[in-house]
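Below are two complexes that have chain A in common, paired first with chain B and then with chain C.
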Partner chain A sequence: MNMQQAIKMTAAETALVDAYTAQIGDLPGDGAVLSLRDTLVHELKTAGLPTRRVESWHYTDLRTLLRAVPSADPSAFADRVEPIVAGATVLSVRNGEADLKSLPEGLTARSYTESLLDGSAVAGLAVLGSDDAIGRINGGLVRGGLEIAVAEGVELEAPLEIQVAQSHGQAHTRFPVSFGPGSKATVLERHLSTNGDASFVSSVTDLTLAEGADVIWIILQQQGASDTHLGQIRFDLGKDAKLHVFVINAGGKLVRQELHGRASGEGSDLTLRGINLLGGESHTDVTFTLSHDVPHTTSSEIIRNVIFDRAKGVFQGKILVAQDAQKTDAKMSCNTLLLSDDADFSAKPELEIFADDVQCGHGATVIDIDHTQLFYLLSRGIPENKARAMLVNAFVAEIVEELEDDEALVEALEGVISAWLEKHA
Partner chain B sequence: MPAVQETIDQVRQIDVDQYKYGFETKIEMDKAPKGLSEDIIRLISEKKNEPEWMLEWRLEAYQRWLTMDEPSWARVKYPKIDFNEIHYYAAPKGTTGPKSLDEVDPELLKVYEKLGIPLKEQEILAGVEKTKIAVDAVFDSVSVVTTFKEELKKAGVIFMSISEAMREHPDLVRKYLGTVVPQSDNFYATLNSAVFTDGSFVYVPKGVRCPMELSTYFRINEKNTGQFERTLIIADEGAYVSYLEGCTAPQRDENQLHAAVVELIALDDAEIKYSTVQNWYPGDKHGKGGIYNFVTKRGDCRGKNSKISWTQVETGSAITWKYPSCILRGDCSRGEFYSIAVSNGHQQVDSGTKMIHLGKNTSSRIISKGIAAGVSDNTYRGQVSAHRKAENARNFTQCDSLLIGDKCGAHTVPYIEAKNSTAQFEHEATTSKISEDQLFYCLQRGIPEEAAIALIVNGFVKEVIQELPMEFAVEAQKLIGISLEGSVG
Partner chain C sequence: MLEIKNLHARIAEDGTEIIRGLDLTVKAGEVAAIMGPNGSGKSTLSYILSGREDYEVTEGDILYNGESILELDASERAAKGIFLAFQYPVEIPGVATRQFLKVAMNEQRKYRGEDELTTPEFMRRVKEAAAELKIAPEMLRRPLNVGFSGGEKKRAEILQMALLQPKLCVLDETDSGLDIDALKIVADGVNALRSPDRAVVVITHYQRLLDYIVPDTVHVLYKGQVVKSGDKTLAHELEAKGYADIIEAAA
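Let's look at the complex of A and B:
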């Protein structure tokens, strides 16, 4: 097949290209940024959105699944909402305009729009590979976001909540965040929609952890039932850096959350925990790649999926261990509760190993609720729907409990999960 | 943790330099001219004295093949194959088909003797050999002899070369050929459909338990040939058959192509056990030469309570591209896949299985062990899927890989797809979740966990390998001892 051949564009592809054309002259950027945007949109036009023939999109055929894209509306950003943890510092993004207020000491933030305008954003705008559709869409259309830095040795006391609230239309945001040596922080990246109108959101977060930084990064995705959310987290771990990423998907119609990172400093550690709550007709895909580049790095991933109704869930995880990365310890597991015969789940946990002195493993299970556990609860007089809800809750809640150091945060996240389960179970 | 010394030594013993079957035999051959065209296909069909429908089937496949692209998704690298530089037919002169042992060229018999394949019925009957196996010997493009045909006939079992079956049992062949691996299934299967020259045909009638092991031994001898064989095994209701396949080739600098298709069909309550000891020439230690083994193997559990089990010991070939699969169509059917794949030197292995659960209460089990040494790459690629209506589908998968040295790679690419809430899939690549009961039993008797796991997995493989005749099992036996120590998921 000749890849150069022009493809017939789908409605969604046309809408994305049109959104770009309509905003030419208005999208922020210096010469280099604007020319890169042009290239990215041109690639989107010629290659189209990825289909299942692109291996990394095997279970999420974006070209077929993305039927329509609402047109961009600059006034579509919603007002700020209360943070889920009381006392958190809130930074919100409205129409690309960063809403900056007084920040705690050691934390600096500026609008990403400025980085686009002065050209300092150009290096980070490059795509990760030819299959990086999210990077391409976002790079072409991004208007703003926040550039955040946590200074060396600073320990943030209260969690930081980054809010991207959308009512309809499109939102394309970026968050380059750097954590200085020895810094410590808990950050909540929260995507939500305030009404039922369809919105299309792309967001790229780029985390850099310097030596000894210790970070908890939580992505809480609570988009509306007709929204499309394309999220991407990139991360790079320095020497002895510790990153704990928490992904909670509790919304959206078509969701793809990618995480791509490198353990590039010795002694670095990544923990990924994911909770995906799927119901209705939604399609949620979590795709993760981690490259262990140097010796003595560790990682652990646990993904829990709960799937109701006619929803489709996907998990793709890939761990690469480079030739010199001896003594790597990597464990990945993905457990799924498939609660409806119309639901659907696919997993592809991959390992690619080139070093011989490593411990790597992965496990994946797909099951229904354990009947003996259900029977136990029923025999004690608990009604079936309640018993089921308890078991499902227990299945995901144990993951949240790992954040035991911050009780208010655990409580808030459990609240989000319980609220979702009450609505769907 | 790194591999233990014992394992390293054992793998070294089967290194590419130690290939014992690399000799070449000078035998006068009857060859088709190089290249692929409709004329060549007509020639093959004519040589085989085939019915007209078969020729049409081949030509149809050829037309489809011309429109297909070579697959590129596998984790293997090789220079582009020139399909017009291959002889698609090569047979020892004077062989028009298998005949009785007395008529076979003594030179050919010597080849098989050298390879350790028991072809002489008398010796076997006289008790020289311990096990009794019926062998179909395929030399380049044709089957030269099939042993124990008469005795099998008494039991009602049909075991002969597929070209012979096409003439003697055309209805059976026509009914089942291409029903598991369709003509245009994939690039290599389609090529095979167009040009296959021989292979084995087995039919075990209702309620018959095949009285002996059946086996086919493939030998590529001639230069610049490709071997395209096709095997079709049918186990009718309540039948049982165990079949095994062995293969070797001379040491040469050029790469040779082997693109086979194997179709298994198990009807109600039938069971087929298919074992392979794949020992094609792997190339030398610089990666020169060796066989490209691009094989499509698939079993169809068509009937209720049917069972198909694949066992493979893969040590040879420069490139292996092979995914023996089971379609679990019948209710309560069962599929099994046990594999040990060892890659050394410059070998590249991309192998695994597919378990497609369609019927109710179907179960499958996958145990795969990959061992990579030298500068080789060893990939497990597997798929387990449960159809919307596959109630209570059950799968257990375990794949372990072991790396010896820091220049090789081990990869795992499993695809798990569930469309039914009653499906229960477990994919394990860690060594902790082997049957808990067995493990507990060993542990409480004071056997350390690592030793217990090795014992259980090896015991599992052993169970199947022990049923292979000694001649085929030599390589396999060496591998059984390889411990799981230091293995990675």
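Let's look at the complex of A and C:
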């Protein structure tokens, strides 16, 4: 008698495996890439999507939450949209197809499809661990994306907007990006939907910062109200490298944005800022892990959540400090403004410290509108609904303003936030 | 302009009665000083006038220009011209001072059916009023009251008052935490607003402020009632003898 029971695949699992089967022979890759794809899909088929029993997916039971996955539609077409910062350099990937054009000096890009075909992509396609469902789905099905490099010493004057637009169906994209020594850049990774159909999107970004690179990386997720967005960003910080990652979730029905990084060079610094604007019946999860591998590295994480309606939010933040990573300085906080009794937020900060001379801290708060602040605004003649909107906006604007060096960028992001709040408040 | 009749009010949360049958009349053009020992209900009175929801009026009425304001919320009262200068101005991170001023001015104009100010007109008014109060333009770019010194906060309150041009100004302990130079700047700002169609209620613990903002009338508040009224000489009397005699006489 065979005691091993095959798990019954859910509709979503079946759809993902079917999408792979339907595209066999068409998915780009050399022998090594194709064989890795096959392994990843086989793992997906046997292990299934993660459930709450997998620790890192405890608050986002993907197997239950992901009810359906639309089939891939090669005829899907997303319109081009204006960049959110006027004058930005735009690289767009629409429905998985990269659109390359002339770029400023020191910035190069090629279609990720080429990296799949010549096999150079294979190392990056490996999953981060057995619970890396996003890496697995994406690795199995990825078709396009961009491989981008900023050369040594180059400072990009205009921000770069990587526009990943999707109309319907599925899109699986990858963005390996390397920043040369001493380079400096501001990049917006912008995911958006150009119509309301339920899309399924997975996207993995892989950043490598060489010595002294100084990068602001903004992930602006503006998917449609019924879309599933599975995002992941991996990063590696070289000596004295500085990375400011800013995640803004302002869309999607089921969203998981993972951030996994290593401070592997002495003197490196990571700043993570996150704004989650959640409404409707959406479920949004930001999961972050950072490993301080060497001495004298710093990090600071602030997540601000504004939740309306019956929305659910999750933040998991885990900071690991290796045994010889002395003098690490890490501070993490997660603050939530809960604006409905039916809304829900789970925060799970974790510190795993193996060194003894470090400064690490974390905190999580859930608050309502401050009544003294509200009264102050009312007492100046500002009507209550407007005063409340100002305070909600202020709660998140505070961390956008940290990007004060680029006024146009701050204004553009504040515009995205106030537009979202006006629609939902 | 302001008529308070037999006012009784309590803290909404625990029902503690703070104002117990208060009567007070302030005419247009008048500067009235409200004095009294700690805990007499001075600050509570200022909050009730401006419509803070933490307090409940249980009896009596407040008439402003002949009409009861008890049913109006704080923002409506403000738009009708009642202004409270806070003892402790509230810090609001994430809201730039200039932006706040613009929203407040325009929302009040909207309420009164007036056109919104154009940006250049707004900028001109702010620049002028700020210069009068020796407020650096840099301060207006900062988040509202965040990181302001005690003196800067009080000057920012007077700046708001100057820009909003209220008809009834209530100053709650505006002198607290001010050195003499800052006190003079603030008093000059208030005096500049004195006019026949405007009333000012100065709530203070000490006579000091009244040397610079000279009142027409002085009222002593004790246990939620006005126990004595007089002219400015009453303030000097209090300064010399303290509250004990008056309180005894009232008891």
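Throughout what follows, the second predicted complex is superposed on the first by the 416 of 425 C-alpha atoms of A that agree within 3 Å, B and C clash if a C-alpha of one lies under 4 Å from a C-alpha of the other, contacts with A are read in each partner's own complex, and residues count from 1 in each chain.
Heads up, the rule we're going with is that contacts are C-beta pairs under 8 Å (C-beta built on N, C-alpha and C of every residue); 3 or more make two chains touch, one makes a residue touch a chain.
Predicted model only: the values in this text are computed from it and were never measured.
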Simultaneous placement of chain C and chain B on chain A, clash or fit: fit
Of the two partner chains, chain B (first) and chain C (second), which one does A:E401 touch, if any: first, second, both, or neither? second
Chain B versus chain C as contact partner of A:D356, first or second or both or neither: first
According to the stated criteria, A:G381 is in contact with first (chain B), second (chain C), both, or neither; which is it? second
After lining up the shared chain so the two structures overlap, which partner does A:F345 touch, if you call chain B first and chain C second: first, second, both or neither? first
Return first, second, both or neither, reflecting whether A:M390 touches chain B, chain C, both chains, or no partner chain. second
Please determine whether it is chain B or chain C that touches the greater number of chain A residues. B
Look at the superposition and give the distance in whole angstrom between the closest pair of CA atoms, one from chain B and one from chain C. 14
Considering each complex separately, which residues of chain A are in contact with chain B in the first and with chain C in the second? none
Within their complex, state which residues of chain A touch chain C. 371-373, 375-384, 386-387, 390-391, 393-398, 401
Help me check something: in the complex, which residues belonging to chain C touch chain A? 50-54, 73-75, 77-79, 83-84, 86, 89-90, 92-95, 100, 103-104, 107-108, 111, 143, 160, 164
Could you please specify the touching residues of chain A with respect to chain B in the complex? 1, 55, 58, 323, 326, 331, 336, 338-341, 343-368
The chain B residues in contact with chain A across the complex are 1-3, 69, 73, 388, 401, 403-431, 433, 486, 488-489
